[in-house]
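Please find the structures below.
In the two complexes below, subunit A is the common chain; its partner is subunit B in one and subunit C in the other.
Presenting the complex of A and B:
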C-alpha cells in the first residue's frame, strides 16, 4: 500500500493586483495544509476554490505541456503545475508567488503576453518556400535523422515565456526579441527545407541578435531544457560565417578572432578600434582617457604568448572547416 | 595547494589590480600559483561566436598545458571559468573531440580531458574553507555591508558548470561573512553586468549595470564585490555611464573578490591596487576606519 504523506502547513504569500480597481500591488497571505509533493498550482487552486474566489491565475493542462502556468516561485521561474510545495517550504519557510516579469500584469498572477507573441511572429515562424527547390506536390518532404538532430532541443519549447521573463536584455532593451523567439528562429535557419536562411540571418543581425548577453538565465529558467542561449550562440556563428562583420556585434567577434591569432592574447585597445571603427573610437575617447589615466598599461601592446605558432597552426587547421554543431 | 594559474587577459592588462590581489592573497592562504607563459586567451565568449570549434581547440591546448604539468587550473575570472569549462564539456561530444584531436595531434599536443577548472572563489570556500579563512582574518570587515555579484559564467548553465545552486548560490556570501562583513542579498547578485554588449550597444549595457548597482544599493550595500574582471569593467570602469543611464548617482565601490579578502587579511589598499579603480573605494575604507575621513 502507498503510505499517505504527512501534511505540512504551507504559508503562501501571493501577489495581488487589480488595475481596474486601482490601488497598489500587495501580497496576500494564506495558509493551507498540504502534502509536501503537492504542486504549487494545486495550492493556488485550493486558495481560489476554498478561500478566495477572486484570485486570478492562468493554467490549463496541469501536466507541464501547455505552458500556461509559468510564474515566479520564491523569485525563481517555474511552471507551478510541476513545482512541489515541500522543498520550497523547507528552503524558504513559505511560498511567495509572483507573476512573470517583463510583461504587464493584467490581474494578480496573469500577465499580458502580447509583446512576447509579437516578437515570436516577427521571426516568421513558418517554412519559407525555396524557389530553387520546390517542395514536392502532395507528398511529405522527409528529413534525415541528422538533419532533425540539428534542431537540437528547440522543438520541445512550449512557449511558456519563462525565458522571456528571466531575460535581462528583454528588460533593458525593447529591440531584443527574447530567447524563445530566437530559439524558434534558429529552428528555421537550420531547417533544410526552408528557403529563407540568409534573409533571416541578415534581418536578425540588425534587429537584436547581438543584444544577447549570453548570461544563460533563459537556459536556467526553461522548464523544457530548450537551452535558448546556446542556440542564440549558434545563430551568431552562422551569421558571422555567412555574412562576416556587418554589425558591431559580429565585428567584435571577428576582432577577437584576429586579436588572438596575432598575439594569443587580447589587445584591449585594438579590439575597440576593430569593433567601433575610427569614428566610434573617437566618440569613446573621453571614457578612454579616464580609463588610461588610472590604468596606463592599456596603451601598451600586450606581450605575445609563447607558443603563438601552435595557436596559429590551430587556426590554419580549423578556420576553413564548416561550422560543427556544438 | 598548487594550481596552474590562468589569470586571463584582463587581469594582465586593465585589471592588473586583480592579479596583484590574487598573488597577495594566494601567498597568505597557502595557494601556490604556477605560471605558464604559453596560455592563450579563453575567447571570452566572443571568439566562440565567430568559430566555436576553434575556440574549443584553443582551450583544449590551454587545458593540455596544465594536464601535462599534472595541475588543475585556477581562474580568477567568471568568463574564463565558463569558457574553459565549456571546452571540457564540448569535448565529450565525439564529433568535436575527433576534430580537435585531429588539429592538436600534428602539434604533438594531446589532451585526455582530466584538467579540472576551478575558480578562486571555489578554492577559497571549498578547499581552503571559509572557516579557516575566518581564522586568518587580522582586520575584520565589521560593519561593511557587501553585495556579492557572481558573474554569469561562474554559475550558468548550472548543469555544465557543476557549481552550487545557480538560482540561490551562497558561497560568496559565506566568504563575505567569514571576513567579518555583512552580506547583502539582492536579485541582481546572480544577474548579468551588461559587459557582453558594452561594445554592441553601450547605453543598454550601461542600463543593465546601473540596474544591478541600484538594486544592491537599495538593499543597503556599502560596496559590491565580484569574482569577474569583466563585471568589474562594467560596474566600476563604466559606472559613470551606468549612473547616467539610470539617472542616479550610484557611487558604489566595486571590489575584486581577492581585494576584499586581502583587506581582511591585513593588506594595504596599495597592495591590492585599489587606487586603480575608477570609482573610489575610500567610502568603504572609511567605514572600516582604514582611511582618514576628509575634513
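Presenting the complex of A and C:
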C-alpha cells in the first residue's frame, strides 16, 4: 500500500488553447504540492479548484473505466486518472499535459472526438443477424469459454481513443479506420452470433485494413491491454485465409509467405509482381527502373538458402498449429 | 426550437433501453446526455446482473431475497414483476450481443452475491456494466435516434399540467436550446457527488432528478442512501461485491473474520447495509487498521482466479492503492454507492406529472426499498428503462403536440446568463466541497439527530450562498466551470431532501440507521417518504408500501 508519503512539488505545464478566441496555443505553468501516488487527474482538478477555474478537460469516473480522460502526459497517451504524478516528475522533472493527437482541439485538453466515433460507426458495430442461425427462442446462445477467449481482451475497450491518438496511420491516411475501430471489428468477426463475418472481412480488406503500419504504438498506448495491433494482425490473417489475396495488401503478405517458403529469402522482383499484378507492375515501371539503377542486385534471382528444409518444416508445423478457421 | 416526440435525458443503460423501446414503437426519439453514451456511469458497474436462471434457483427466491434485502420497504407487486423480467432481460441482452462470461457448458456463468439465496449474479468478468453498455449501445445503433451527445440539461418544462419539453445547452457552444417534446424520460442516474467519499463518477450529480423535482415531480425515499462496504481507501473506487462472491473475506487488524459476529450464517455475503455497518463498527471500536480501514483478502483464491475473474479489480488495486491483490490484502472502507430513492414512479415509469417518466437509479419504483441488493441495479435499468420507453410511447400516441413557448426558453436563458455573468462570488467547487464534507460527516451510515439537524443548517446555509455562485470562465466551448455551477445547485437541492427525509424518519430500516431509534418500526414507518418541492424546502408526505405475499419479518443474515 502507499505509505504515508512526503508531498513533492509538482510542476505542471498545461496546454491552453481556445480556437473560438483565436491566438496561439500556449503552455501554462502551475505548481502543486502532491503525494507522489496522486493521479494527474487529481492534480488537474486541484488546479481548477485552487488556481485556475478556466482550465477545461473531459473526465468522469476517475477509475479508468469511462474512457473520458485520455491525454498526453509528457508526450505519452495516458488516462490521466490512473497516471501517478511521482514517476512522471522523477523521470521528466515536470508534467506536460497536452490534448490527444489526431482530433481537433475544442478547447484546452478537450478534443473533438467526432472523427474517432465516425470511424467506429463505419465498422457496423452491431450483430448482423444470420438468417441461417437465428437467435434461440427463450434462451441464450451457448458459447464455450474457448469461444469467449477468442474475443481476447477486446471487450475491455473503453473507447478512450488513446490508440487513435498514438496511431501514425491515422495521421497519414484519412482512410485508415484506426486501431480501436479495427479491434471492435475483430470483436464482431470472432463472435459466433454474428452473421456478417465474410462480408465484414471482404469490406475491410479494401477499406483500410492493410494500411496499418504494424508499429504497435496503439498497443503501447492502450490503458486496458486491448492490444489493437495484434487484433489487426489477426484480422489480416482471417481475411487472407477466408478470401485469399483480394488487393495489394493481402497479395503482398501472401507473396511474402510464398517467397520465403520457396527459397528462404525474398525475391523482390517477384514480390512486386505478386503484389501489384502485371499491369500494376508495368505502371510502376518508372519507379522500378530507378530502383534497379541504385540497386542492380535486385535483378538477380536470389539463391535458395541452405537449410530451406528447416524453413519448410517450420511452415508445416505452424500450419498444424493453426486455429480452425471460421 | 427543436422538437421530438420523446426526449430521453441520460444515456446510461436505463436511458438507452428507454430510447430503444420508444424508437421500436416508431416514435421520433432524442437521447440527450452530458457525456457520450459509452462514457456513462453504468459502465462502471462491476459485479453482475441478477436473474434466477439456474436449475436450483427460482424467481420466487429472487423475489423473496429482494423483499427481505429491501427491509420490507419495496413494493412487492413491482418486485414480483421485476424478478419475473430478469431472465427474459438477460436473454435479450445476450441476443443484442453482450459478451458475458460463460460456464464450461457454454451457458451464462453465475456468481454468489450478497443477500442472495443462490449464485444468481450473471457477469462479464468484473466489468458487467461495461459489457451491457456496449451491448445496448450496439443495438441502439440499428435504430434511428437523434443523439444529443454532450448536451447539458437545464430544466424540464411543465405547463398546462403536462410536460412540454426541456431546455438544454450544447457543451461545445454553450448555446441554450428548447427541445419540445410530448414526453420526457429522466434517466440521469444518481447524485452520489453529494458525498465526498463516493464510488460514483464526478458526473453523478442528479441533474435529471433535481430538474424533475423543481418541475413538480415527487421524489421518493431519498433518505435511503447505500454505502458500499468495500471501496478502496482514499480514492473510494469501487471494489465489487463479486470479490466476496468469488470467496474474498473481510478481516480486521486482529486478523479476525469479523463478519461472523454480524451475519453468522452468510458472513461476508450479508446485505450491503449489514456489512457496511459492521466495518464502521469494527473501526470505531478500535479493531480497524491505523488510518481507519479493514482488509479485503483475496490472496487465498490464487493468481489465476483473481486475474481472470477480477481483472479490473487487480488493475484498480495496483493503480489506485498500490497493492497487488494476488499477494496482499486490499484496504477498504464503506463509501456512498447508490441511491435507493429518486423520482417516484410506478412500474411503468410514470411520475405524478403527465408526460414525465423516470427510470434507473434516477427513479424510485420502489423495488430496492431501504436497501438494494447487489446485482439488482443493472437489472433495474434495463427492466424499467424498457417499461418507461413503452409507456411514454403509448402516451405520446394519444397526446397533442407540445407547446414549448419561446418565453419558456427565454426564462431559462435569462437565468443561465445571469449565472454565467456573475464573475464575483462563491466558487462552485468550494460550495461542493463543503457540501460533501457535511454529508460525509453527518449524513453517513449511522445517523445522529443532532448531526442531521446540523447538516440541514449547513446545507441551507450553502443554498443561501449558492444564490451568489460565480462562473469565472467566460469561454463558450466546454465550459466546466459553468456546468459545475449548475450541478452544485442540483446537488444542494437533493441533499436537502435527503437530510429532511432522514430527520423525519425516526426508525432504523435498511441503509437508514438512526442511533436514537435503532429498531425498525413497522407500525409507524412502513411507508414511502414523498418529497415535493416548495419555495421553502421539501414538503414531506407518505404513501403506502404495496404488499402482496410477504409479511415483514426480522432480517437475519
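Assume the second predicted complex is superposed on the first by the 305 of 326 C-alpha atoms of A that agree within 3 Å, B and C clash if a C-alpha of one lies under 4 Å from a C-alpha of the other, contacts with A are read in each partner's own complex, and residues count from 1 in each chain.
The definition used in the following text is that a contact is a pair of C-beta atoms (placed from the backbone, for glycine too) under 8 Å apart; a residue touches a chain by one contact, two chains touch by 3 or more.
Just so it is clear, the model here is predicted, and its values are computed rather than measured.
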Between subunit B and subunit C, positioned on subunit A by superposition, is the outcome a clash or a fit? fit
Check: subunit B-subunit A-subunit C angle from CA centres, nearest 10 degrees, reads 150
Which partner chains sit in contact with A:33 here, subunit B, subunit C, both or neither? Use first/second/both/neither. neither
Once chain A of both complexes is superposed, is A:135 in touch with subunit B (first), subunit C (second), both, or neither? second
Touch count on subunit A, higher of subunit B and subunit C: B
What is the contact status of A:290 with respect to subunit B (first) and subunit C (second): first, second, both, or neither? first
Check the residue A:127 against both partner chains and state whether it touches subunit B (first), subunit C (second), both, or neither. second
Thinking of the overlay built on chain A, is A:9 touched by subunit B (first), by subunit C (second), by both, or by neither? neither
With the two structures laid over each other on chain A, which partner does A:311 touch: subunit B (first), subunit C (second), both, or neither? first
So, does A:264 touch the first partner subunit B, the second partner subunit C, both, or neither? first
Minimum CA distance, subunit B versus subunit C, superposed model, integer angstrom? 16
Set intersection of subunit A contacts, subunit C complex versus subunit B complex: none
Name, in rising order, each residue of subunit A that touches subunit B in their complex. 75-76, 91, 168-169, 171-173, 175, 210-217, 219-220, 227, 229-230, 233-234, 236-237, 240-241, 247-250, 252-257, 259-260, 264-266, 268, 271-272, 275-276, 287, 290-291, 294-295, 297-298, 302, 305-307, 310-311, 313-315, 317-319, 321, 323-326
For the complex, give me every residue of subunit C touching subunit A. 35-36, 38-41, 43-44, 90-91, 94-97, 99-108, 124-125, 127, 130-131, 134, 138-139, 141-142, 172, 201-203, 233-235, 237-238, 311-312, 315-316, 319-323, 328, 331, 427, 429-430, 433, 472-473, 475-481
Inside the complex, what are the residues of subunit A that reach subunit C? 1-2, 18-21, 37, 39, 48-49, 53-54, 56-68, 82, 106-108, 110, 112-113, 117, 121, 125-127, 135, 138-145, 147-148, 151, 155-156, 158-159, 187, 191, 193
Going by the contact rule set out above, which residues of subunit B touch subunit A in the complex? 9-10, 12-14, 16, 37-41, 43-54, 56-58, 61, 90, 93, 95-96, 99, 102-104, 106-107, 109, 152-153, 156-158, 166-168, 187, 191-192, 194, 196-197, 199-201, 204, 207-208, 211, 237-238, 240-241, 275-278
